[in-house]
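Listed next: structures, encoded as structure tokens.
In the two complexes below, subunit A is the common chain; its partner is subunit B in one and subunit C in the other.
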Partner chain A sequence: MSPEPHPTTSMSKTAPPAPPGQRGEDVIHNIGYRNYDGPRLGRGYARTSLFDQSLRGAYGLGRSAKSKVLPMILFAVMCVPAAIVVAVAIFTEAKQMPVDYNSYVLRMQPVIGIYIAAMAPQAVSLDLRFRVVPLYFSRPIERSDYVGAKYAALSAAIFIFTAASVVILYVGALLAKLDFGDQTKGFALGLACCAIFSLLHAGIGLAVAAATPRRGFGVAAIIAVLTIPYMLVGTVQGIAFSQDNTKIIGWLGLGSPGTLVDGLQSKFLDGQSDFPSGQALTSMQASLYVLLIVVLIAGTYGLLLRRYRKAGL
Partner chain B sequence: MTVNVIAIESLTKRYPRVTALDRLTVGITPGVTGLVGANGAGKSTLIKILLGLSPATEGGATVLGMDVAREGSAIRERVGYMPEHDCLPPDVSATEFVVHMARMSGLPATSARERTADTLRHVGLYEERYRPMGGYSTGMKQRVKLAQALVHDPKLVLLDEPTNGLDPVGRDEMLALIRRVHTDFGISVLVTSHLLGELERTCDHVVVIDGGKLLRASSTADFTKSTPSLAVEVTDTDTHPNGTEALRSALVAAGLSAQAPGAAGAPGAGHLLMVDATDESAYDTIRDTVTELGLGLVRMEQRRHHIAEVFDTDEAAGTTAQAGGAPLAGAAAAAADRELQPQKGGSGDVA
Partner chain C sequence: MYNHTVARLTYKGLLGRRRALLLCALPLLLLVVAVAVRGLTGADDEVAKGLLGSFAMATMVPLIGVVAGTGAIGPEIDDGSVVYLLAKPLKRSSIIVTKLLVAIGVTVAFSAIPTLLAGYILNGNSQQIAVAYAVGAAVASVAYSALFLLLGTISRHAVVIGLVYALIWEALVGSIVPGARDLSVQQWALSLAQKVGDSGAGITSEVGVPTGVTLLLVVTLGGTWYAVRKLRTLKLAGEE
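Up next, the complex of A and B:
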């Protein structure tokens, strides 16, 4: 029973002799077990790796060719109008952009909504449905690492999705030789608007997706949560406006994630809200907008944490 | 004495309705240890606690010298876990999946890829590893599940019912693989099963729990040695048309424990009697009784006890009769498989 010397088994702790009758395959298959003495990078690294994998997954990277189609098409749909706006502005030598940064993003909400509805379930419900979650939690990471990485990854994905067109508009504005200072300030505030939008919508998307592990339901539920309140708020605001009840319009805006961001950016990010009256929020209303956004972000994160307490092994 | 890889001290876990573990105290040494118990005995609960994922109600445990209550994260870096349920996403390949899981264990990307290739080869997955796992057989899926538990070269793996759902051949292959995890890879193994018989060959030690309580813990050798048992076969005569039954009543009357070895359908089983040989006098008692009854003694031989017989007293005889006592497996037996399945004197041992 003396193990045969084999160059590749020098590192192995135990080099098993080849079972009789397998001599021929020995060279290819029966290389002894090798121990791992390299670094173990722990929780922080695992969290970053999960963020990385999830963010790439949100654009279908590292997944099947089929998974790339939808995110790439939606990304194009998001950016092409911005490119057209830019082309027109340059061609007509416009003195200002026909649409400001924040409004562009907010007007594209239906497209962003479809993207979130497609990607949020993909980010969490696969792991839940196929019970992969216990494998994560049997490793050094904790629940908060998993939830944090997924939340950050979807936020980053939505941010890239929205900020790309803001970048296109900004580059276009500079090419059209519009005022550099004005444009840079608008651009920076535009990015801030995208960031808030992304954090809020990622949380809502993930919380809904995690509550509905069946993928089809998740997609429908997210579209419903993002669009129905938004349309309702818009309609009721319109009615209020037609009845000259303009005071209530700002309050109504608290009723949907889209109008929350809209109201917030009109007050703090130098934008123009889409609300019918065009009236600015009162400071009372504005602080409620901020509060509600913070509560929603923290609340959806908390809901996710709770969801995974049950999903552990 | 070898140092325990797992030391469990008066461990109790109470859920609102059930006590899943009840003052369990047991030490587990390096090697392959079987954790055996019926469904609901508390095996999976124990594994969760050992991984530091579920707090104990009372008592505690250490794994590789680390406290489960305080050092869960450090334990999980050095321990591998294979769940009893499915856990593989169907749309990714085994390679991609195991690489990702290796990184989740803290391995840098390059090492993760190298070790994934090695580990999948060791568990016997070759060309298939590039295909999406949705198309894998149960056996292949179990191998991937084992691979993800081994990929970071743990010191100990906790395998929860790894043979569940496999056919007899797949079961044997998996058990052989588990044996190799220790002998060839040098990794200690705690493997759970509700089938006692299958762990006999694979494990160095067996821990039996029932209703969260420790029933027995000893080396497999002790288990099979413990009470020697005598197999006695006699002929029938005119006065005793059922010689075996006559002998059984007479022996029981004489204070010995004697029973038919179950498995009514097994060849020769009807004529065989298993007698516990508590001491030397049992031989004399049997010989004298046979002579008194005027029966012909066909044979009397010593037989190893199967660890399965630990459960003989509280298991319904009905389930043991199935398939002539042979290990139950495969789709047809899937339902029966969920029960603890004692395997009393199978035909193979008797003939």
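Up next, the complex of A and C:
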């Protein structure tokens, strides 16, 4: 914490470390602590620890009981409807699931949005607010390690959040004795959809959250970036549909991260899009969707790397 | 009951730097979409109702209410600087009332006025739709400000809880469980909008005007009263 240089760094330049208790020649202040010269775990270990702690923190594990409440409630809100769907399917002996894997995840977007909005600032804003970022960077980790670990941790947290309900639906489908091959294919594609969704949303959430040390403000800003455009695009698509202007619906979908994933999964992952006409994208639109998603993921990662060139704000 | 210095500080906290950006972005988005939709489809009452009802009333007003309502007091409690305010010889009630008035002013300015403008852009206020939704937005702003200011004094997660209410309760649960719609500020405010709009406009609300107004008053006054009480016994806790 103090601005004084550490004894070892200044000594190692000129003389071998002095025995404990003796003064090194060029040391301003030496109170005789012994140096640690045992094995060091190094950069890779620090990186995995950071990932580990951030991922656990996103569900409140290892934190106070109070901070477990919100993620666990949201997790339950995400999973319980899936369990109800499964129960209904088994009870009525349905020939297929009432909702498919991809569209269940995409329909729950308001809940996922709130989870991301609550957890992304938790992952980065608190570090900024309590000024511990310089402490991270005084360890052997590099800027890219910090950003990469946080990005991976939040993506993994969102993936677990979304994939859990997909797993419930899959297990339920098997219990209801639906076709194994069909369901497994849908399940795998559903997981792929969750993965793309998590990567995209984690990037956007972190990029917004890293810009502010205030948690409350970060939460509102992430909702404004993720959920508001999603609802707005839905509304405008509905208007376009009621005006019989169906060509524009696919283009409008480019306007929000949620509809981007929706369009992508309807084209490539065998899903049904939530767009009002239910129409598929043209191949040109689809390639633009893919391009925009890749640009957004790479762009937010780049923004984060740029953001942490300076440790403060 | 109104303290000028507290009001000035609250304004500065609310409109300072990035927060103002967020507050401006949503109304701007509404206006841009309104212009685009008008250009795309021409004046149409149904379209105007759809955009104002489902985007302005259901999403924009609650979100701005959350930002302004919790932002009026939340950050000060969060970083502990509220003790300097509480240590001054000021009544707790006048602190809350001042902050509430500022929050209401900001919410109305950033939600009701853009709603009115967007309504005029969309269909030139035919059948009083623009005015009706603007009145609804203004009334809702008052109730939201009181509600979220109260949340700001109760919990550190005020913004998240406010968003859960605004987005999950009013939008998601309301669309599945019809009974939940009776318990929503948006529907109470819409009951007034229904009254203001022409009968041909077809703005619908789940509750009648007397019920709506009573519930709005109860929420606003009750919320303010409890916020004052809460501020009297405020405990400053560290970050968990």
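The rule we apply is simple: the second predicted complex is superposed on the first by the 273 of 313 C-alpha atoms of A that agree within 3 Å, B and C clash if a C-alpha of one lies under 4 Å from a C-alpha of the other, contacts with A are read in each partner's own complex, and residues count from 1 in each chain.
Here is the rule we use: contacts are C-beta pairs under 8 Å (C-beta built on N, C-alpha and C of every residue); 3 or more make two chains touch, one makes a residue touch a chain.
Predicted model, so just to flag it, every value in this text is computed and none were measured.
K.L.:
Go through the superposed model and pick first if A:L126 touches only subunit B, second if only subunit C, both, or neither.
P.N.:
The answer is both, since A:L126 touches subunit B and subunit C.
K.L.:
Return first, second, both or neither, reflecting whether A:G62 touches subunit B, subunit C, both chains, or no partner chain.
P.N.:
first
K.L.:
After superposition on the shared chain, which partner residues are touched by A:A176: those of subunit B (first), subunit C (second), both, or neither?
P.N.:
In the superposition, A:A176 touches no partner, neither subunit B nor subunit C.
K.L.:
One more residue to check, A:V219. First (subunit B), second (subunit C), both or neither?
P.N.:
The second partner, subunit C, only.
K.L.:
Contact-wise, after the overlay, does A:G238 reach subunit B, subunit C, both or neither (first, second, both, neither)?
P.N.:
Second partner only.
K.L.:
Give one of first, second, both or neither to describe whether A:L206 is in contact with subunit B, with subunit C, with both, or with none.
P.N.:
Neither partner.
K.L.:
Have a look at where A:P134 lands relative to subunit B and subunit C in the superposition and call it first, second, both or neither.
P.N.:
A:P134 sits against subunit B, while subunit C stays out of touch.
K.L.:
Mind working out whether A:S49 is in touch with subunit B, subunit C, both or neither, as first, second, both or neither?
P.N.:
In the superposition, A:S49 touches subunit B alone.
K.L.:
Find the residues of subunit A that appear in the contact set with subunit B and again in the contact set with subunit C.
P.N.:
Common to the two interfaces on subunit A: residues 63-64, 67, 126, 130.
K.L.:
If we count contacts the way the header does, which residues on subunit A are in touch with subunit C in the complex?
P.N.:
63-64, 66-67, 70, 77, 110-111, 113-114, 117-118, 126, 130, 211-212, 214-217, 219-221, 223-224, 227-228, 231-232, 235-236, 238-240, 242-243, 245, 248
K.L.:
Enumerate the contact residues on subunit B facing subunit A in the complex.
P.N.:
Within the complex, subunit B touches subunit A at residues 44, 47-48, 51, 53-54, 73-74, 76-77, 79-81, 83, 85-92, 96, 100-101, 103-108, 111, 115, 118, 121-122, 132, 148, 152-153, 180, 183-186.
K.L.:
Which residues of subunit A touch subunit B once you look at their complex with the stated criterion?
P.N.:
13-14, 16, 29, 31-36, 38-43, 45-46, 49-50, 53, 62-64, 67, 126-127, 130-132, 134-142, 312-313
K.L.:
What residues on subunit C touch subunit A, complex-wise?
P.N.:
18-19, 22, 25-26, 29, 33, 36-37, 40-41, 44, 46-47, 50-51, 54-55, 58-60, 63, 66-67, 70-71, 74-75, 78, 157-160, 163-164, 167-168, 171-172, 239-240
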